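In the two complexes below, chain A is the common chain; its partner is chain B in one and chain C in the other.
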Partner chain A sequence: MTITRTRANAISKQYPWKIYRGRTFQGGYFILTNRGKKKLTLWHDRNVLEWSHCWRETMATGGFRTVERFLLTRDKKPYLDLGEKWVTATDHYAGKHPDYTSRRDMKIVGKCLAELHQSLFDVQKKIEKGEGLSRFRQSMINDDAVAKKLRELHGKKKTENLMNLRKRMNRSVYFYKKVASLTRELPLSHETFSAKNLVRISGSWYLYGCYNPNLAPLHHDTYHLVREIYQKSGWNLESVQSFFDGYRREREPAIQEWIYLLSMLIFPSDILNAVQEEESRMVDPVPVMEKQAYWDRLTIWIAEQMDQITKKERVSR
Partner chain B sequence: MTRGEEKSSLRFSLQETVFLDQDKPPIGQMEEIQLVPDIEVLEREKEIRIAGYLALYGQYRPSDRQQQEEEEENPPDYQSAVKFPPFQADDSIYSPWKNIGEVYHQIPVNISLPLDRITHLDDVFAVVDAFDYDIKSPHQLLISAELIITGINEKESQYVLKTPWDHNNRLTPISGDENQRYPGWEKQEEQAEQEEREEQTESLNQPAQSIKADDQEPREEQQEEESSAMKVVPLFDEEEDEQSLQTEEEDLRDKERAKDGTEDDERANHEGDVKVAITAKRREEDREQVNLTSYAEKSKRDSTTRSEPDVEAEADPAEESGVGQSEIESAGMDEGTDFEDRDIESEAAEPDEEKEQAEQGLYLKQFLENREDDFTRLTIVIVQKDESISSIAERYSLTEQQIMRYNKLESEHIEEGQILYMPRNRSAEPAEK
Partner chain C sequence: MKRGHVSLDRAVLYEYDLAHDPVIPVTPNVWKIQSPFGSFALKKSSTDPGQLFNINNQLQRLAAQNFSAVIPFVPNKFGESVIPVQSGQGAYYVTTWIGENLEKTSVQGWETEVLRLIALMHQYTVQVAIPSDMLKKWHVITARRLMRRWMNGLQLLNGFKEQCEREKYPSPFFVAFMANASYIIDTVQQSIEILRLRAEKVDDRDEMRYVLCHGRLHRGNIVRRRNGRLVLIDFDHANMDTPVRDLALFFRRHMPAYDWHTRTADEWLSHYEKIFPLTNDEKHLLAIYFMYPQKIIRCVQTYLSVSSSSSRSEMVMVQRLEKYLHQFLLIRDYARYFLRTRLDPV
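Let's turn to the complex of A and B:
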């Protein structure tokens, strides 16, 4: 189901504006109205939609006024029910995305994510439990799956690299097991999050997007965002440092959260995918291996931060 | 070749211990191993030099021992817990994920032979035979093989192995006859090494002298003869070789004219040339001093040869018959081997033979200009589980029949662990032994 011009006209009748013209985009419809540019988005899961609406409102009411919120219908509802699908309307944001090499921008990205995470703890209390989101509580690291994968690879692959792969996977599982209960306790968040979910408009940073997300326990988004910042800053750890400075200024993660993040960073998912795809000649594993050296560097850097945190905690005790 | 033939071969036994780097995975089971000669046969001023190396390529399935090592359960801190060895993203022809350990090792080869030991460079090949290996330890392989140099004149083994072998790479001549003649071979090797260090432009007497020093009394007299024979055969520089090539071409043109049958006399002369030249070469061969450059000889050699009447002129039927010396040599240049046969053939003077001579002459030129060696290499394949002759044949671009014939198999049934020899050439077409 997509939003067509006819459907957009019908939808707009539920909103207090008049459409001048519009065009489709992936998963939605851009419209120019008498009240400015708007965006209609089609949602496929009502639970996810309500969860998304909840964190936006929580953030906004918590003081983060520049978050994208769903515009209310004439009936003061945040979305339209089309039967099996749902539609939201938002203002259209156009501006400059954060610069991955800018320490200031990265601090802001960190601060925004921390505020989002903070709001998600509140969201969890409000709607998550028993609201049809439990299916998102599967961890990226599954002990049994790792063991199965290692068994599959054993004997098939070059020993040195297989050993390296095995060491990483086992170490990832080792840390994950230490904090496995967190995956049941931490609030759900977006599985991925990009710095491009922030846009600078008239000197203010707006948090927007995140439509129809896959959900995962907290810090999957951190994991993806940190890797994105590191890679797109040209493998610059200073940008990562700035991001965490911004994050920790707003919210200090517990050491268990750090361990959870570390376990994800250790897990050689890129390599594993490349190995599987290499068998069908779909990907050259060599560049992936070269990239893995950077991920290793990032992981060591995170571990270094964790060592400093634990050292401070010991001193403070 | 057998000893009964006019040409023979030199055989060198080789034993080489190959140590794997410690960062390589330990050897569990060899999957494939081959010893490929990468050897050039070079004609030097006074000698033939067979130089290069034997390249050992191996693939093995690593031992599981390393895989079973336990992880550190309680790393002291987070940093040390996440420090892993990097993945090996080498860009070799093998996938970085292929579970195959690789061995590569070079065994230097440097053999010097007097020119008279070679009839024709085309006949000289370096072939690896009787290749075997033994896994001494997970990081140590013992390689045994025999290096055969083919195309060596059988007559007298007065060659000198100027073999500055690497100390780690000892080639020891064996093979019955040669070994019997030179039981003190190692001593000779050492002497040859010294000679190599002393002077590159040593005279052809030196090889004979070195043999004398070998305490082989029964051989001494003959060697003296050989050394005196060697004295009278001049050596030629590249310039002369070029001249000789030109002469060769001229002679070939002459032969073509003769082939046309325009001048019976001329033809008769050519036939005479061949005959006389062969006779002369036979005489040279008797002195163990036939060498390849003599095929491309010119007047300088003639004059030099004539200047040694005590050895050459008095026994030279060519002079006795009044045939010009240059003709003798140009005919001789086309001649390759097997002088007795050639005698008969040349008397018959068949047109095909002349064509063949022309081809040989052209090939010689091509050979000198741009020689490409096509050495046989031997690959050992250890049959893996579920492998069949057809799958192995496909992998090595061979036919099943070739593999069966080469390994003397009576049926296509092969078993895991069975060793098969793969005939392979550098050229695309596998060589049949």
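Let's turn to the complex of A and C:
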């Protein structure tokens, strides 16, 4: 189901504006109204939508006002029920995204993600009592990405000779098991998160997007974001440092959270993906291995940070 | 932006879809925004957002009862009527723009009309035996809290008197104060004593009537609609309190222009009481409020807070003190007359 012009017109009647013109985009509809540019987004899961609405409102009431929020309908509802699908209206944000090489921008990205995480802890208390989202958690606990890939690869003969790869995977599982109980306590978050979810408008940074997300325990988003920053900054650890500086200024992760992040980073996902792809088509392994060397640098850097934090904690005790 | 204006966080304007409309500074913390959907007033208030939220609830209730002399806050596009300031204290809110306030336009007999509106507002919002959680939520000024506040005032006067006595070469301000110090302090002590008796009687039995009090009724906070009707604005200092608070503040502020003329004061009160008659107890409290020399105490406070008192500011302060002393005597006379004539026989 997509939002057509006719449907967009019908939907807009529920909102306090007049449409001038509009166009479809994947998953929604852009409209120019007498109250500025708006965006209609189609949601496929009501529980995810309500979860998303909840963290946005929690962030806003907690003081982070520049988060994209769902505009109210004339009936003061945050979304429209179309039967099997749901529609939200938001402002259309157009501006500059953060610069991966700018320390200041990366600090802001870190700060925003930390504030989002902070609000997710509050959301967990509010919304997880309901039944709607429990299936996400259930599926993650039984079918976590690391364990799943490991199971898959154990059945593949090609990996038998890749001893180092097996070692890495086992190490990843070793760390993961150490904090496995934590993942049950961590709130649900987005499976992925990008620095492009932030946009600068009139001097303020707006957090937007994250529609119809896959959910995962907290820090899957951190994992993806850290990798993105590292790669897009030209493998620059200073950008990663700035990101964590911004994050930790707002929220200090527990050491178990660091271990969880480390377990994800150790897992050689790029190589494994290449191995899987190799079965269907020819893949040049060299660039993948080169890339892995960079990921290793990042993993070591994170491990060093953890060491420093642990040392500081010991001294303060 | 004009000099002295507080900074406006423009992100607030996005929450109302007003970011692209012209913003005109009106006062240091009020902006007028002209949009295709009408004109709005945006205010940056230092009042606690929670208190503003409570106040707006009361304003909405009043508006729902067709009381058009108040204007509830306009909700933003997410349904919020109060937006906390991101860095620091206070909150933003938006109301529809009505017009210029009475400071810039002269309206004959506005005082009696405002008193009629206050009486109606009090009548619509009156509550007896207000629940304790609501008292807490509203930071209500109970008789006990008021007494504590007045005790602080008394302490200040006593301290200042001692300071004056110690001075070998007293300043003109000291001399002006000392000429009446004993009498002022005696009056404050009497007021506190009466208030104490009242606090024991009223607060313990929860018999006090609570109404929505505006808290700052002056011409700057009254605007006129095109049809000539008056509207009360700026409820930032509003609270659930005894109706006497609004009356006392209004009289103290505006009666000096009429030299506390007995007939005018009586006329004003009768306009109010035609709609919302005061109880005997409230009349008594009103007289006590009148007798408390609020302005003199504030004047002393200002004098003490001025670090470098030049001869010019000394003279200004002396003139101000003498004006307040003169007013105090007039108020005292009216309060005595009021107690004699207005109290119902028990």
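Basically, the second predicted complex is superposed on the first by the 289 of 317 C-alpha atoms of A that agree within 3 Å, B and C clash if a C-alpha of one lies under 4 Å from a C-alpha of the other, contacts with A are read in each partner's own complex, and residues count from 1 in each chain.
As a convention for this text, a contact is a pair of C-beta atoms (placed from the backbone, for glycine too) under 8 Å apart; a residue touches a chain by one contact, two chains touch by 3 or more.
Since this is a predicted model, take the numbers as computed values, not measurements.
Enquirer: With the two structures overlaid on chain A, would chain B and chain C clash, or do they fit side by side?
Expert: fit
Enquirer: Could you say whether A:60 touches chain B, chain C, both of them, or neither, answering first, second, both or neither?
Expert: second
Enquirer: Where does A:164 make contact in the superposed view: on chain B (first), on chain C (second), on both, or on neither?
Expert: The first partner, chain B, only.
Enquirer: Using centres of C-alpha atoms, tell me the angle at chain A that chain B and chain C span after the overlay, to the nearest 10°.
Expert: It works out to roughly 160 degrees.
Enquirer: Determine, for the superposed model, which of the two partners chain B and chain C contacts more residues of chain A.
Expert: B
Enquirer: Answer with first, second, both or neither: which of chain B and chain C does A:289 touch in the superposed model?
Expert: first
Enquirer: Considering only touches as defined above, state whether A:300 meets chain B (first), chain C (second), both or neither.
Expert: first
Enquirer: Nearest CA pair across chain B and chain C in the overlay: distance in Å?
Expert: 39
Enquirer: Mind listing the chain B positions that touch chain A in their complex?
Expert: 23, 25, 62, 66-67, 71, 73, 77-79, 81-91, 94-101
Enquirer: Given the complex with chain B, which residues does chain A contribute to the contact?
Expert: 154-168, 170-171, 174-175, 262, 265-266, 271, 275, 278, 285-287, 289-290, 292-293, 296, 299-300, 302-304, 306-307, 310
Enquirer: Could you please specify the touching residues of chain C with respect to chain A in the complex?
Expert: Interface residues on chain C, with respect to chain A: 10-12, 14-15, 17, 19-20, 36, 77-79, 83-84, 86.
Enquirer: Provide the residue numbers of chain A that touch chain C in the complex, in ascending order.
Expert: 34-36, 57, 60, 63, 65-66, 69-72, 76, 91, 201-204
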